[in-house]
Amino acid sequence: MQTNGKVAEFSTGRKRQIILRRLSPFLTVLLLLLLWQGVTERQIISRILVPPPADVYAAFTAALADGTLAKHTMTTLGEMMYGLLLGVGIGLVLGYAIAKAPLLEYVLSPIIVAFQSTPIVAYAPLLIIWFGTGPSSKIVTTAVIVFFPALVNAIVGIRSVSPPLRDLMRSLNAGPWLTFRLLELPSALPVILAGLKTSATLAVIGAVVGEFVGSGSGLGVLVIMARSQYNTPLVVVTVLTMTVIALSLYGLVALVEWRFLVWQRRAAS
Amino acid sequence: TNERILLTFIPNVQFAPFYLGIQHDVFSEAGFDVALEHLQEPEVLDLVAVRQANYGIVSGEQVILARSRGRDVVYVFEWFQQYPVALVHASDLDLSDLGALRGLRVGIPGRFGASYSGLTTLLTSAGLNETDIELNEIGFNAPEVFCLGAVDAAMVYANNEPLQIRNLAAAGECGDLDDVGLIMVASQVDLVSNGLIVNRGLLEESPAQIARMVGALRDALQITIDNPAAAYLASLPYVDTLPADDALVVALTDAAAQQQEFLADNPTRSEVAASRRALAEELSEQFDGAALAQFHVLLNSIDLWDADALGFSDLASWEAMRDTLALMNLLGEELGDLDAAFSNEFLAVSDE
Amino acid sequence: MRLSVENIEVSFPGPAGDLLPALGPISFEVADDQFVCLLGPSGCGKSTLIRVLAGLLSPSAGAAYCDRELIQRPLAEAAIMFQDTNLMPWRTVLDNIALPLEVAGMSRPERYGAVRKLLPQLNLENFELAYPAELSGGMAQRVSLGRVIVQQPQVWLLDEPFAALDALTREALSLELLRLRARSRQTIILVTHDINEAVLLADRVIVMSRRPGALVADIPIDLPRPRSAEMIYKREFLQLAKRIRNCIEDQRA
Amino acid sequence: MQTNGKVAEFSTGRKRQIILRRLSPFLTVLLLLLLWQGVTERQIISRILVPPPADVYAAFTAALADGTLAKHTMTTLGEMMYGLLLGVGIGLVLGYAIAKAPLLEYVLSPIIVAFQSTPIVAYAPLLIIWFGTGPSSKIVTTAVIVFFPALVNAIVGIRSVSPPLRDLMRSLNAGPWLTFRLLELPSALPVILAGLKTSATLAVIGAVVGEFVGSGSGLGVLVIMARSQYNTPLVVVTVLTMTVIALSLYGLVALVEWRFLVWQRRAAS
Amino acid sequence: MRLSVENIEVSFPGPAGDLLPALGPISFEVADDQFVCLLGPSGCGKSTLIRVLAGLLSPSAGAAYCDRELIQRPLAEAAIMFQDTNLMPWRTVLDNIALPLEVAGMSRPERYGAVRKLLPQLNLENFELAYPAELSGGMAQRVSLGRVIVQQPQVWLLDEPFAALDALTREALSLELLRLRARSRQTIILVTHDINEAVLLADRVIVMSRRPGALVADIPIDLPRPRSAEMIYKREFLQLAKRIRNCIEDQRA
């Protein structure tokens, strides 16, 4: 009887916590909205710089109705996705290679860091001449920026794999692919996912900055056009769209984390 | 008083009048201790609009756009008398009839800003549509992109990029390109150009202060126009990367002193313009293109600034600009009376 | 299969960049299907020796052979049970035991079937979905043993397989081991600290010296098979145990 | 004798490897220089886009001689350092807090991701109004961009601390600070350092992009000034300076890694 | 110090969100300065009980007291030795043993001095700079034991402290433990699977049932002290050992 009562109590407590957790991001957003409304209503910051929610909502419905928002969003989404695939893909593969052959890190680090730390303006002409003004140049800028977090976290993740477990896989005569799939990937997953969280949020910036260099459509173009037309509500709409994209990507990674790291949660509880 | 003037872009010889105004105490004699800051154009405008700064330099187009979205700024001094944007093309391409643009690849930084307005004006006066050409958003990379043949023509600032392209061509970096042709937007329509803006609030509170500022700016601009060598020298402390080896500095210092004497005789405007050209030729015998590139940019700019009466803008140029922007569908709802967008009255006041 | 160890030495790099001898030189042969127990003081190199035989570590000198072939990499016929349980924390008990089968390419239903047949022997029936962090020390050790049994190896390399188990479970599992072996004879090398256990299980007990471990005694155990727990009180048993104890105690000096 | 021979062999082998490792980044740089020279000499890429090394060297000595380079570099370095301290500091602290109270992640993630994924143009006016055009606005942009990798890696690092070791510290009645210093920090260090590697290389971008918004000096200003004068050699000099800064920071983190993760290397060997 | 356990029960959340009973209900008292050995089948909850006494786990029901005070958090006077060695991989042997002293705020020379005095007893003299990954299983266990000894606790909670040690080292260390205790009497609870060890060391042996572990037998060991290894062959000793073995074997059914 007593035990049964406890089971019940235990699981309702857990359920309540899960619901709270699911709701909390929305509560935050609601809170931010209220804050925003308050700030603009009391003119704490000039409405020129921070337009009230109502104006932004109007701009949003307008941009939605005439298809502007959808068009630019699709462009940026496409660039981002390819950029992410490319950058994260190369980052993970190279990270794996470096983890296996540390000398590679020493050899490649000058190139890699140079890539990562050079602002795009500096090689904008090259970018346009090599990749044109179409999506490919934005895919490149996105790939360049998302590549690095994927890389360094892959290195650390793979390097932290427990040596005794490596011995175990060796003793089972597991080849590189099986060792990767059954040992290295699951073991490095938490760290790799952290890298992907960074990559996911940087991807938006990468695509948008690529669009700044020269582009006909995309959220980066839209934000500059809106800005140059002093259409601040549309700027905010565009930025919020970027945020929603970034949040969705982040959420996706968080979901994978939640799904695959059951064991870590169970061990910690 | 301490006064911020917000300039656009980055430190550049094109802002020589402001550097000279400070170096030669023009601003301080008018009672201003001026600090210059460089920002992007929308930021300049918004900061003036919310009175974080009293003075800013933006293009007239920005004033109309911003006013249509509730920013009450007033344009009080037209600095560039000619709209500085132009279309650059290979000289062997015949564009005497603008209709020949049809089907060409035209480079533009993006669908925003002065270049876009300029292009639209050109297309309109040629009876063309944006869809009639192949528009390429190439960012601010026109010289390279044009030189390497990725576009047939490009929208540029007349005082800078064509010069760069010519230099590149002279160095044999542009394939078989030997010279470029320029089509000034100003040659088709008079559009309002860059100038000084203030906030409506300031205008109502202290018009006298604005008059003093306008006067000072006009004086500084006049000195720059009259004595470019002095202006170039005054820019050196502000623009780190200006070519300035010792020989050039010596030559310019001499030239500035000579010009001072020459000016004592109250030469006419065209005589002064001739003296500038003479100086340019004299220097080009002594120095190579790279060393003089930025000085030439200054001289080209002066050609866009120079006028009989500095600072005036007329309603027609504002209307032309507004019509262009309306055509481009860029304006917001709150477009009020164009008369409220600018004012020439401070020029008159400061004359007294 | 036949294992032989010839003048093996192992050294490890020490903190100062020098080399610390950890094992040997040591030589012995294990005949086809022999059950050998290794005894020796803590840190003498027993685990190191096991790792060499498993092909996980190349000796600094000497060589190990399996059926006359040099052991250079892990053999498909051998399975090793590590001293620490060495389970994958992200895998359930079921998946940890099934790992070797998964590596061998067996389908999921097949390998789960095979593992589930094993669980009762290991007394882990209700824990197939538990994660290693939720197991007691002895349970984890049984999972680790299960991972070896499931491989049905020809050569068993067991490093203190029963250390964390209570006397009853220990007895049950070691007799289970003998039973498995009786059906298809295999070569087994088992490290233990329990002299009785060694005598009860082995055909032969090898006693090693202090680090770096050399061979001190090689004692054949000629007790009849099948063995059973009652034998412990037999005179021959006690004598053998005593003899081994003496070998060990002689090193105290 | 035999053992001694081996010791000698062993340590010369190790020494040779270490030397190779130390040299390899320089070899890479040398190789890149040769490649660069080759590319410009044969005009594979137009000299307009990629000036030959000699021109760049000339621009470098000139910029060095007149103090331009030093001045702008110092500006950017200063902004970067403060930005790094601020961003990484807040990132680590917040990461620690989130690792301890997972609900915080759900509450804060919308804000944090929004911050990270919003291009600076969008909030440039606010930035300038609040922080002026001086160094502080660049410190903020740097902090914003370096913050995120530090945060997510801190979260994962602290979360991965072994629960049994946590029990050990609890059994010793260690307070939060000691637990952090003696357990959490060393245990999370590899992952945190990976985050810092990303932060270090992003810091340059952060400062430079902040300078783009509006500034009188700094490498970002220099690169645009050079760009606007079509002084490509100077552009390259500036970019290389940024790269050197980023590489030094990266190297610093790598050094810390090397110094503090002896145990991991020893365990893996 | 006096420990008492009153109707303690511990349950863990199972994979399906249900609760699995792991221990108890169990009650007993340990008088001031008593040495109690805990015996019981693998997975019966011995380690769980130790964790409750250490204040690391609150029981699902019942309560544990130390000197009549409810144990709610780890006690300053108690030290626990975990079943797995639980060393910090980034700390050398020296620093691992010194950890409790560092937490207590002792200066580096002081704590290194204290630890170095301990190393010969633990037979770890030459390994103070070794990292855990470079230790043998038994050496790691000795480091872990050293980490308890260095705390000079009033209450020792030892979870299978000698499991990975050979007979000789085991004997030496357990006698060392008795010697330490003789100088200043302390309360010790030691989990072991070795009946002889339990009888040799304890004032009292508690035998637990299968999971969830309840109390099966509570056997006072009234052998004279000081104890020595030779006692193992005495009649009283053998009788006690037999009795305990019977208690354990009775549960086989």
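Letters A, B, C, D and E name the chains as they come in the text, with residue numbers starting at 1 for each one.
FYI, a residue touches a chain if its C-beta (ideal position, glycine included) is under 8 Å from a C-beta of that chain, and two chains touch if they have at least 3 such contacts.
Just so it is clear, the structure is predicted and the values come from calculations on it, not from any experiment.
Asks: Could you work out how many touching-chain steps separate chain B from chain C at minimum?
Replies: Minimum number of steps from chain B to chain C: 2.
Asks: Which one of the chains is farthest from chain E, going by Cα centres?
Replies: Here the answer is chain B, farthest from chain E.
Asks: Starting from the Cα centroid of chain C, hunt down the chain whose centroid lies farthest away.
Replies: Chain centre farthest from chain C's centre: B.
Asks: Where the centres are mean C-alpha positions, what is the separation of chain C from chain D, in Å?
Replies: 49
Asks: What is the distance, in whole Å, between the centres of chain A and chain D, each centre taken as the mean of its C-alpha atoms?
Replies: Averaging C-alpha atoms per chain gives centres 19 Å apart.
Asks: Taking the mean of the C-alpha atoms as each chain's centre, how many Å separate chain B from chain E?
Replies: Centre-to-centre distance between chain B and chain E: 85 Å.
Asks: Where in chain B do residues touch at least two different other chains?
Replies: Residue numbers touching two or more other chains: 42, 46, 50, 140, 144, 148.
Asks: Could you list the positions in chain D whose residues touch two or more of the other chains?
Replies: 48-49, 121, 125, 129, 163, 224, 227, 264, 267
Asks: Got the chain E residues that touch at least 2 other chains?
Replies: Residues 84, 133-134.
Asks: In their complex, what parts of chain E are in touch with chain D?
Replies: Residue positions touching the partner: 51, 54-56, 73-74, 76, 78-80, 82, 84, 86, 88-91, 99-100, 102-104, 131, 133-134, 151.
Asks: In the complex formed with chain A, which residues of chain D make contact?
Replies: Interface residues on chain D, with respect to chain A: 20-22, 24-25, 27-29, 32, 45, 48-50, 102-103, 106-111, 113-114, 116-119, 121-123, 125-126, 129, 148-149, 152-153, 155-156, 159-160, 163, 190-191, 193-195, 197-198, 201-202, 204-205, 208-209, 212, 220, 223-224, 227, 235, 238-239, 242-243, 245-247, 250, 254, 264, 267-268.
Asks: Tell me, which parts of chain E touch chain C in their complex?
Replies: 12, 15, 39-43, 46-47, 83-84, 123, 129-130, 134-139, 142, 159-160, 163-170, 193-195, 245, 248-249, 251-252
Asks: Residues of chain B touching chain A in their complex?
Replies: These residues of chain B touch chain A: 41-42, 45-46, 49-50, 62, 65-66, 68-71, 109-113, 135-141, 144-145, 148, 150, 330-332.
Asks: Once bound in the complex, which stretches of chain A touch chain B?
Replies: Checking each residue of chain A against chain B gives 46-49, 124-125, 128-129, 133, 212-216, 221, 224-225, 227-232.
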